[in-house]
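The following pair of complexes shares a single chain, subunit A, combined with subunit B in the former and subunit C in the latter.
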Partner chain A sequence: MLRVLIVDDSRMMRIMHARSLRQAGYEAEITEAGSGEEALQLFQPGTHDLVIVDWNMPGMDGVEFVRAARERERESGSRRTPFLMITSQSTEEQVYKAKDAGVDTLLAKPVTSEVLAATLDMLLTVRT
Partner chain B sequence: MSHAIVEELAASGRLLDFVGQAALESICPLCGIDATVLGQGSLPWSDPPVGIALVSLTDTSGSGFQAVAWVGGSFEALASLAEVLLGERPAEDDEMLQDAVRELANIVAGRMQERLRGAGMALGLGLPVYVGAARSLNVGASLVNGVSARVQLDLPHRPVLAVGFAAKEG
Partner chain C sequence: MSARGKGTSPVPEELLRAVSERVFPRLGFSPTELLWQRLARVVQQQARQAGFDALDDYLRHLLHAGEQELDQLAEALTINETYFFREPKHFEALRQLLPELARKGERVRILSAGCATGEEAYSLAIVAHRVLSPLAKEFEVVGVDIDRRALERAQAGRYRAWSFREQGLALAQGYVRKERDSWLVRADIRQRVRFEQMNLVEQVPTGPFHVVFCRNTLMYLTPEHRKAVIARLVKLLPPGGVLFIGSAETLDAPPPELERVTVAGAHLFRRREADPTATPRERRDGSPLRVLVVSRSPAVRVAIRHILKAAAGLELVGEARSASEVAERLRETPADVVLLDAVSDPLQAASSRENWGRSAAVLTLAGPASGLSRGTGILVLPDDRVETLRGLGEELVRRIRTVAARGPRPASAGTGPLVWPRGPSWARLLLIGSSTGGPAVVTEILRRLPIGLGLAVLVVQHMPANFTRSFAERLDRLSAYSVREAANGDLLQADTVYIAPGQQNTTVAPGGRLKVEPPGASDIYVPNVDRAFLSVARAGMAERTLAVILTGMGDDGAEGMARLTAAGAYTLAQDPREAVVAGMIDAALARGAVQKVLPADDIPSEVVRWAGSGRRALVVRS
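Right after this comes the complex of A and B.
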């Protein structure tokens, strides 16, 4: 059972990501956060197998959350959690900025369950 | 400079192509349905959308240029779209209806950002907002140099959405 944290201010997108995970054949125990701040409260290094995060959110955005979460991982000496950013922003500069913050893979919305499945297979295989 | 680019794109018809492609690339994979661009709608609207989600795009060079991308339509059209995404038909005042339309506008804006970058414009995205009824008239009146595309969804009753992009006055 995959432990997944889904961070998106859109409840509909959180529902759709969870549905796509199931369609992609992953059994997942999902925790949801509607903001970067909420996600940071829920994120404990080493306790999630995957974090799916949006970029554009009110308050702390996805990139700020990832940067803070990576810092927490470094401080705790914990294993590196795969961070998948699914966002409407996908220019070269934005991909660079996201990766610099600690995002492993960035996908541009809309993401089909087939693309999500292939990306997760790669992300989670690399990790194991 | 940016106003001139948008004006040229609108006059040449390329802006309508950009908006149409952005709409199809967003709607079809997200909803898992086909859609067709029927052509250009009027701007400012002669038939104001009952609900509309807007995303502002701002020139990242600090020129002050602002534009907006949107998805709007009648309640029937927006509810048909939301039903596909949510699995149930929402009521007019349902927050999930607004959420669905906001998210689609956000994705369309991202696709427009990518295309306009190729045309020499570097734009940053704002957060999507949803406005209803009379306020959509005010939005329509403030737009210049833009296009509104009529996009028909391959769903029962063939609902039509207004999807567009325009520079703002200023």
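Right after this comes the complex of A and C.
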């Protein structure tokens, strides 16, 4: 079974992402985090198959979380977990910022379920 | 919290709450009592319109409804309460401020943020016309709102008496003409007002705007969204630019760039002249950005000299041979951006910026083997030849502007620039050929494409010369991809969209270098889709290319699609039944050059699927 970490301060969004995974045909064991801080506690390098993360969250935001998580991955020398960011931040500078923090794929809101499903397929069948 | 409207059937609260959780985040609205009642009312209306007998059924339907339906509901929720010259004090203040704002040159730009049906935007245009036309100054008003239907009414510029309640009619006198029972805004005023559909929570139009009116919109937002929207609006203001909010509203904590001022009894905010961070950011006064070049290679310095000379708005203020000279140079001649060549001297990148990193923004040019990752402050060149640098002129200029806008920042302490090794800059190419009716389709496709597919995109859209630039700019705002007009010599990069400029032909040379040339005498359609597609086949890149042919008149692209198919590309066509004009699609289909036909809505997910295909499967679907 897949292990997926979903990080979003909105419970509704977490539920929607979980549903999208199911709809795309993936059976996943889902861990939810409502903040960047909580996510960082739950994130253990090498144990998740995918992390879905929002950018805007109170406290530690998504980009800060990804940067810290990547740092931890490097320290432990474990495999790279795919990070999917779903956000309304999509200026060139923001995209660079997210990618430099270690985001693999960035989806700009609003996201259609078809595109999300195809993106999940891509991330979950790819080991970069 | 009650969700009962007067005289209507009771609304099931649990369901309504669940629906609100899907809808409110789209607007950034906080669930106030007012909004609850509005939602309760709106769903009842919509349920009737959608043909549901029971409200419960409709609400349950909404819980699983698609994006589009939720967006429609969100639009219906927005409040379009507005009329001409609402809060006349604000317009009087603007009248007094405009001459000073106009003195700063060019034309005055005014934004009506949350313009609903347009009364405010036209009121602003009327005041601007009254003040500025005697001064022979130009102006432009941009109105944005999320509600598409309201914008359609705004566009029409036709209003009933109710839109002029209070003093509206008196103040608009001479600018509206009565036609039977409605009033039409004068054509020359309508021409100066542009409306755009936009969700302020997600984006703002391209600035600068000397005047921003955002009244009675912020109050509906959650505190976080309010803060984000205000921050974005502030960025649109040049120093001295002014922001008006509703007189019943407050900025919880005004950003430091703003000062509160009172003009003609109206309270408003003005962007301070001097940036409180006291760093040379964007030079908004219109003077050129000052660039200091650091390179050990004379050839590189010459190449950069030429590039900067050809670029408007950039000025070369100095050259240094090594990073160690920079601090001293900057003391003599301040610069906004230091361009650091780490290609000819990899040690440059490592040299300490402690002494001067705070006095100027830095753009580092890095070689392919540098191990440096791509980032705003780093431009990784595909190879170390000076020719390559010359070809990257436009990219270089753009990046200089980007880092200048970001301003100086301390060197990333200790962690070093090495993030993780990246693969080739682009892995696959998406080609889009399009004509009549195409821009809207191209926009929708690119809006939905995720970043990070390793995809470079070339769009060949039949368009006159002057339109491709604004098309590129608009796409750049709307999509997460960097979108720009292709320039001769550009190297394809991942996550970037190149728009073939009008009146010229854009082709791809081996290695992914773009050629932009005048069209041949026989080219009926320019920019030519066939030529672009054929060049990709010839460059041996077909196997990693997906070509899409969209709506359009004529048969351009059919030949190119056929050659690409033969060479191993994946080819798609928009469903001709939904195309505005099916000519180009039919021509490609007739050649047997299309492997799959899809409605435009399904093209983005197909692109993602293709971009992810051919890689090793990690998991098997359950």
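Throughout what follows, the second predicted complex is superposed on the first by the 127 of 128 C-alpha atoms of A that agree within 3 Å, B and C clash if a C-alpha of one lies under 4 Å from a C-alpha of the other, contacts with A are read in each partner's own complex, and residues count from 1 in each chain.
Here, a contact is a pair of C-beta atoms (placed from the backbone, for glycine too) under 8 Å apart; a residue touches a chain by one contact, two chains touch by 3 or more.
These figures come from a predicted structure and were not determined experimentally.
With subunit A as the common reference, subunit B cannot sit beside subunit C without a clash.
By the touch criterion stated above, A:M12 is placed in contact with subunit B and with subunit C alike.
In the superposed model, A:Y96 makes contact with subunit C only, not with subunit B. By the touch criterion defined above, A:R70 reaches subunit C but does not reach subunit B.
Of the two partner chains placed by the overlay, only subunit C lies in contact with A:E27; subunit B stays clear of it. With both structures placed on the common chain, the touch criterion links A:N56 to subunit B and to subunit C. Looking at the shared chain after the overlay, A:G46 reaches neither subunit B nor subunit C.
When both complexes are overlaid on chain A, the residue A:T119 reaches subunit C alone and has no touch with subunit B. Ranked by how many residues of subunit A each touches, subunit B and subunit C are led by C.
Within the superposed three-chain model, A:P110 lies in touch with subunit B and with subunit C [touch as defined at top]. Of 96-104, 168-176 or 240-248, the subunit C stretch that intrudes into subunit B once chain A is superposed is 240-248 (criterion: clashing C-alpha atoms).
With the contact threshold set out at the top, residues 10, 12-13, 16, 56, 58, 88, 90, 108-112 of subunit A are in contact with subunit B in one structure and with subunit C in the other.
Partner subunit B is touched in their complex by these residues of subunit A: 10-13, 15-16, 56-58, 87-91, 108-112.
In the complex of the two chains, the subunit B residues touching subunit A come out as 26, 29-30, 85-86, 95-96, 99-100, 102-103, 106-107, 109-111, 113-114, 117, 125, 127. Listed in rising order, the residues of subunit A touching subunit C in the complex are 1-2, 10, 12-13, 16, 25-27, 49, 56, 58, 70, 74, 80, 88, 90, 92-93, 95-100, 102-115, 117-119, 121-128. Those residues of subunit C that touch subunit A in the complex are listed here as 21-22, 25-26, 66-67, 71, 201-203, 224, 228, 373-376, 402, 406, 419-420, 423, 447-453, 476, 479-480, 482, 495, 601-602, 604-606, 608-609, 611-612, 615-619, 621-622.
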